[in-house]
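To keep things simple, chains are lettered A, B, C, D, E and F as they appear, and every chain counts its residues starting from 1.
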Amino acid sequence: MSLRDSLLAGETLFTAWSGVPDALTVEIVAAQGFHAVTLDMQHGGHNEDSVLRSIAPVIAAKKHPLVRIPVGRFDMASRALDFGAEAVIAPMVNSVDDARRFAAAMKYPPLGERSWGPTYGFPRHGKGDAADWLAGSNQRTLAFAMIETRAALDALDGILETPGIDGIFVGPSDFSIAWSNGAVMDSTLEDMMETIAMIAERVRNAGKFSAIYVVEPKIAGRVVAMGYQLLAMGSEHLLISLGAASLINSVTASIDAERL
Amino acid sequence: MSLRDSLLAGETLFTAWSGVPDALTVEIVAAQGFHAVTLDMQHGGHNEDSVLRSIAPVIAAKKHPLVRIPVGRFDMASRALDFGAEAVIAPMVNSVDDARRFAAAMKYPPLGERSWGPTYGFPRHGKGDAADWLAGSNQRTLAFAMIETRAALDALDGILETPGIDGIFVGPSDFSIAWSNGAVMDSTLEDMMETIAMIAERVRNAGKFSAIYVVEPKIAGRVVAMGYQLLAMGSEHLLISLGAASLINSVTASIDAERL
Amino acid sequence: MSLRDSLLAGETLFTAWSGVPDALTVEIVAAQGFHAVTLDMQHGGHNEDSVLRSIAPVIAAKKHPLVRIPVGRFDMASRALDFGAEAVIAPMVNSVDDARRFAAAMKYPPLGERSWGPTYGFPRHGKGDAADWLAGSNQRTLAFAMIETRAALDALDGILETPGIDGIFVGPSDFSIAWSNGAVMDSTLEDMMETIAMIAERVRNAGKFSAIYVVEPKIAGRVVAMGYQLLAMGSEHLLISLGAASLINSVTASIDAERL
Amino acid sequence: MSLRDSLLAGETLFTAWSGVPDALTVEIVAAQGFHAVTLDMQHGGHNEDSVLRSIAPVIAAKKHPLVRIPVGRFDMASRALDFGAEAVIAPMVNSVDDARRFAAAMKYPPLGERSWGPTYGFPRHGKGDAADWLAGSNQRTLAFAMIETRAALDALDGILETPGIDGIFVGPSDFSIAWSNGAVMDSTLEDMMETIAMIAERVRNAGKFSAIYVVEPKIAGRVVAMGYQLLAMGSEHLLISLGAASLINSVTASIDAERL
Amino acid sequence: MSLRDSLLAGETLFTAWSGVPDALTVEIVAAQGFHAVTLDMQHGGHNEDSVLRSIAPVIAAKKHPLVRIPVGRFDMASRALDFGAEAVIAPMVNSVDDARRFAAAMKYPPLGERSWGPTYGFPRHGKGDAADWLAGSNQRTLAFAMIETRAALDALDGILETPGIDGIFVGPSDFSIAWSNGAVMDSTLEDMMETIAMIAERVRNAGKFSAIYVVEPKIAGRVVAMGYQLLAMGSEHLLISLGAASLINSVTASIDAERL
Amino acid sequence: MSLRDSLLAGETLFTAWSGVPDALTVEIVAAQGFHAVTLDMQHGGHNEDSVLRSIAPVIAAKKHPLVRIPVGRFDMASRALDFGAEAVIAPMVNSVDDARRFAAAMKYPPLGERSWGPTYGFPRHGKGDAADWLAGSNQRTLAFAMIETRAALDALDGILETPGIDGIFVGPSDFSIAWSNGAVMDSTLEDMMETIAMIAERVRNAGKFSAIYVVEPKIAGRVVAMGYQLLAMGSEHLLISLGAASLINSVTASIDAERL
């Protein structure tokens, strides 16, 4: 089932967040219990080459491959799709103009201006008839605009009305910095929670999808209740750190128990 | 403090076990609470290039860099040291002849036949006077021979007497396969535990160091009690798997709690 | 003979189209009977690093190295030249402003704003006197603007008049999508052929060079007759696919013949 | 169906022969009409890292991944299996001792001495129960010994009787050099054909599998009639060369036709 | 001591200029007597991946890591900081608007619009408290705007007044091209020296830092006297060329002496 | 002119010594005034992949590509030739048996046992007729055995008589360690100079070529006088170090002069 279809069916989906630009590491992450893997080119270490190479193991593991592009790099939105990504997340979409440029890169005419050439993505997803593939592409691949500043919030309705924008992705850490005018970085800042709930509501009213980064697991239930369906979590930095702590604790406990 | 000095001081040390041949992934592993990182070229994915590149972040994190070479690849033992490894683990040292060839590659004359050329390792460890570096090398760097077959066990005393062999590393999974003649693969096989304890004792009597792979954390206390000082654990496959399970569990628990 | 000189001499030139970001694969492609190799960063997998590394084998094979940059990435146009490219193809040059920005990145002052620093390209092309190299660069390296939308067609005369634009490159697949308003993707769409011929004529009248992607070999004669001199063809995907089909057919035929 | 099962079922299988150490190039080759892809570490450019990374796309394309190791590098035979290869081809197996060492690296005890640690291969083939995986491994993965010298021919019966050797792979180019004592390199040398047929017969009598490199497609029918079931063919050098010639011919023909 | 603190203390600092996108080469450069290493993405070969990987050995060598981004690639300015760079140099800052966009990418709110996510940089610099790290970041990391055209010179005061711009970096080769309207490329062009001195003065008056590329060592004393504190020099191309000439000369002299 | 022909003509040749496994770095080294570049896989960082990729720029710069293999890795000797190396240097050839195994890997039958498959080397050197290439290969490519222990010295005559061994390469650092029984590492140890001269004499008498590593330039004249024709020198570590010292000295001198 495609990412769009799963979201339309009301499912709550987890996407891992990969920041190590290495296809083998991504292969290991893709084997875990997430529904998708997002390759992060903004703050993570992913680059053109690692995205090209890492989408393959995500597809092989039957997970949804997503890519977050760097700020304003809409050329890369098209390329991520050409390489086989099912969705692209664009950071800092702070105006309707940003949203339009993002949508233009994501969608083929007449909706947008994406250029034809899914060199890797078409065969990776099974190939078939090129005309059919072209015809279905605009619907199959999703454009998520990140809302993480006050300007973005002000422009939210316009962004949601932009043809080709399929969903909103909330970056709560940056949003808290913006909300506090640089004073605080707190992804669960209570002050902004009402606004975050309101965003989900306006997205739902616009018939689009809501996604959010879950920095603190404890917030997950609350944002799902607000309507967020796609939850991002867990870079390799976090996964390895959690795993190492757990393993070292177990080993240390065994040693301590023996010593008693 | 060097690896040798820590072991001489009676410390119990944990080494992570890296199988992803990517220096960035190793950098993340090296930042965790292990005392050392072993780059595995036998079953892991490490290769000449990844070992060369990955030793740097281990040293930068002030951890001990170790390398496990492929079976019989003693050329690589020398190279690992040239690249800056503090110890090398050789698998399947099943005879005194194997031990001699391993030691020859690990130690400069007159003890062995290692060739001079620590191109990367010398500057990485701070450089200084080359003559001093040469003079201290044979003691500074440790050769661990793996005991994991019945043949190796039979040859244990000869291996321990081989000049240049600094310690023994037990591979309990392979040992269990050998012990059961291929019938069982169980790193905590009760039947072989007495023998594993006996190995540590003979190693201690020979004035050398004991190391072991800890597949199951629960065995840690027991092997430490036997005298094993260097405990290997946790490939990235395991760390990421533990971390992902923990994270997904936390997120799922939060969602489930909210739904109640 | 430089690419410019060959084109001025009226030659018809074939450029392979490389989409595999690997210098060894490009080395093999460059050994075939093409006159040039274009490294594709828009739909192909080429990136900054692969372009830097792959231009070397193209020059070593005495072929012309060209680079197609991603949409709007004029920073990369300069870099491709710095790495030794003889020409750059910019996709989606849809306005005179796009053409100006492209030319600015391609040409040194006073014609453009390219910054000095041909770190790799200068020695790769034989080095010599830096002043001479600077003096000849604006003429030696060619800027091809892609015409593949209706907007581009409307702006064609202005684009052709933009100082620093040396030629036009027609992307017939995208042009057909644009021509049919997204309904059809057909690089040989009969409806647009008159327009494609007209483009070549206007380019010729402006004293510039015409290039086109030949998706279907059968169209080659027709576009050459129109005046297109540089014909692009054949990604590795196509070359390997044609080669594998040919080889498998020969082997299968031999087996079938024997079975009779 | 596994490679073994297909061979047991009497199928004739084609394996592409990859010499470009790049997972993306291998991905393209694996998408063609071959049943398998062999990654060549002897004369091709594959190395530990490229084998590790390239087996993944072969499995993803539902083809059989094979690896040819360098001469005498039996450490790599085990590693290829750990990375997920279904079969390993060892060149220059010229004696029973060579065959024994190869088999020892390929098979777990008690048949051989392979060490446990299928870090990548186990999850890539779907994972499941480790005990089952261990139990089935010796049968699942195939060891092909190359016969390409007179010494090898003399030792053929002993090699075929070596437990753990599953098949023979004939290298006809080297065999012709050996046959002519260095005078001729001709993979279809008529003089040696009777011997090549005899090899297949003895292999069949020993209940093992026959494979051969098909340098000239025209020989395919004849070797299949002899009993060879696995036919190797077509490095990327050949595939790209055939493809480029075909494409350039078509384009040139179109241009020539138009000019008439 | 941070780069800022060293500059505030009035020190003259040398930065090597790296153009080889390989972390091992950078490791060797970082071991030399420079105070910093600048990874050049404009004319050098550095790319996203090489910057990510090469900052680590620069920090390990206790040198300051700097990055020069490609023209207009302000997305990369943020990424360089996320990867651990202490300063970013932006070429062709020709207007106040350019300066504003550069500063926006370099500084967190409220000064700029940098997004939170120092995935690699935070742990590489020792980690600690995230709130403290955020609070100190805008001051800790430096934004150098390159002045290398007449337009930039005209806008100098506005650029210097732009909040978030910490210093000016003069590119004397490009400046000479601009100064001579494309006629001359001479980094020590006498005509422009007065202006270059004036730039340093205005920068000093604005309380900011001055940096310059020293193409010819003989100019160093003069620019230091003008007030330039950070001197860039020596790509690997130059270092290897100087080293090879020196070595070959010594060897040749020894041979010639012996022959006499 | 081939390496062999230059040596036969009595020329003294300099080979750079590359230890950075990166084709771009090698490209820069190959552009300097050396006659050859040796890629070092024993103490340097070169590996299978970097050798494959780095031979290309050496050939493109019209220099001789040489490879030093790791100890005992004769499989790699064949591969280096397959990739296009003109000569291979094998370290620690301490017995006639070592020499025979090295020669077997270097020469086609009937002289040795090299297997046919110059996949990359044949096209890189211009291709042509395969039969001619095969016929000329044994003479065209040179096998240098390293003499660096007392055992090697004892076996020298036998090594020189081994068919397929074309020359001797003296490793003076290791030789000094061997000579002093591990007490001293001094490539210009006076005690061993007579022996080093004697080696050259015996090599000349055997009609073969002499090569040596020149650690100290001042020794060059003396070893040339002894008959050494191929002088190895200068890893990137040394070249960059010499270059950086030279550059920093020039800059510092300029600053100091201005301050007076």
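Observations on the model:
Note that contacts are C-beta pairs under 8 Å (C-beta built on N, C-alpha and C of every residue); 3 or more make two chains touch, one makes a residue touch a chain.
The structure displayed is predicted, hence computed values, not measured ones.
Among the remaining chains, those touching chain B and also chain D are A, F. Set side by side, B-E and A-E show the greater C-beta contact count at A-E. The interface formed by D-F recurs in B-D: of the pairs listed in A-D, B-E or B-D, only this one shares over half of its residue-numbered contact pairs with it. Between chain D and chain E the centroid-to-centroid distance comes to 52 Å (mean Cα coordinates, whole Å).
In this assembly, the C-alpha centroid of chain C lies 38 Å from the C-alpha centroid of chain D. Multi-chain contact residues of chain B, defined as those touching 2 or more other chains: 21, 24, 31, 45, 47-49, 52, 120, 123, 237. Every pair of chains that touch is listed here: A-B, A-C, A-D, A-E, B-D, B-E, B-F, C-D, C-E, C-F, D-F, E-F. Within the complex formed with chain E, the chain C residues making contact are 47-49, 52, 74-76, 78-79, 82-83, 105, 108-111, 113, 115-120, 123, 130-131, 134. Considering their complex, residues 19, 21, 41-45, 47-50, 70-73, 91-92, 148-149, 171, 173-174, 177-178, 181-182, 184-185, 235, 237 of chain C touch chain A. Listing the residues of chain B that touch chain A in their complex gives 12, 14, 16, 20-22, 24-25, 28-29, 31-34, 45, 214, 217-222, 224-225, 231, 233-234, 236-248, 250-259.
Within the complex formed with chain B, the chain E residues making contact are 23-24, 27, 31, 52-53, 56-57, 59-60, 120, 123.
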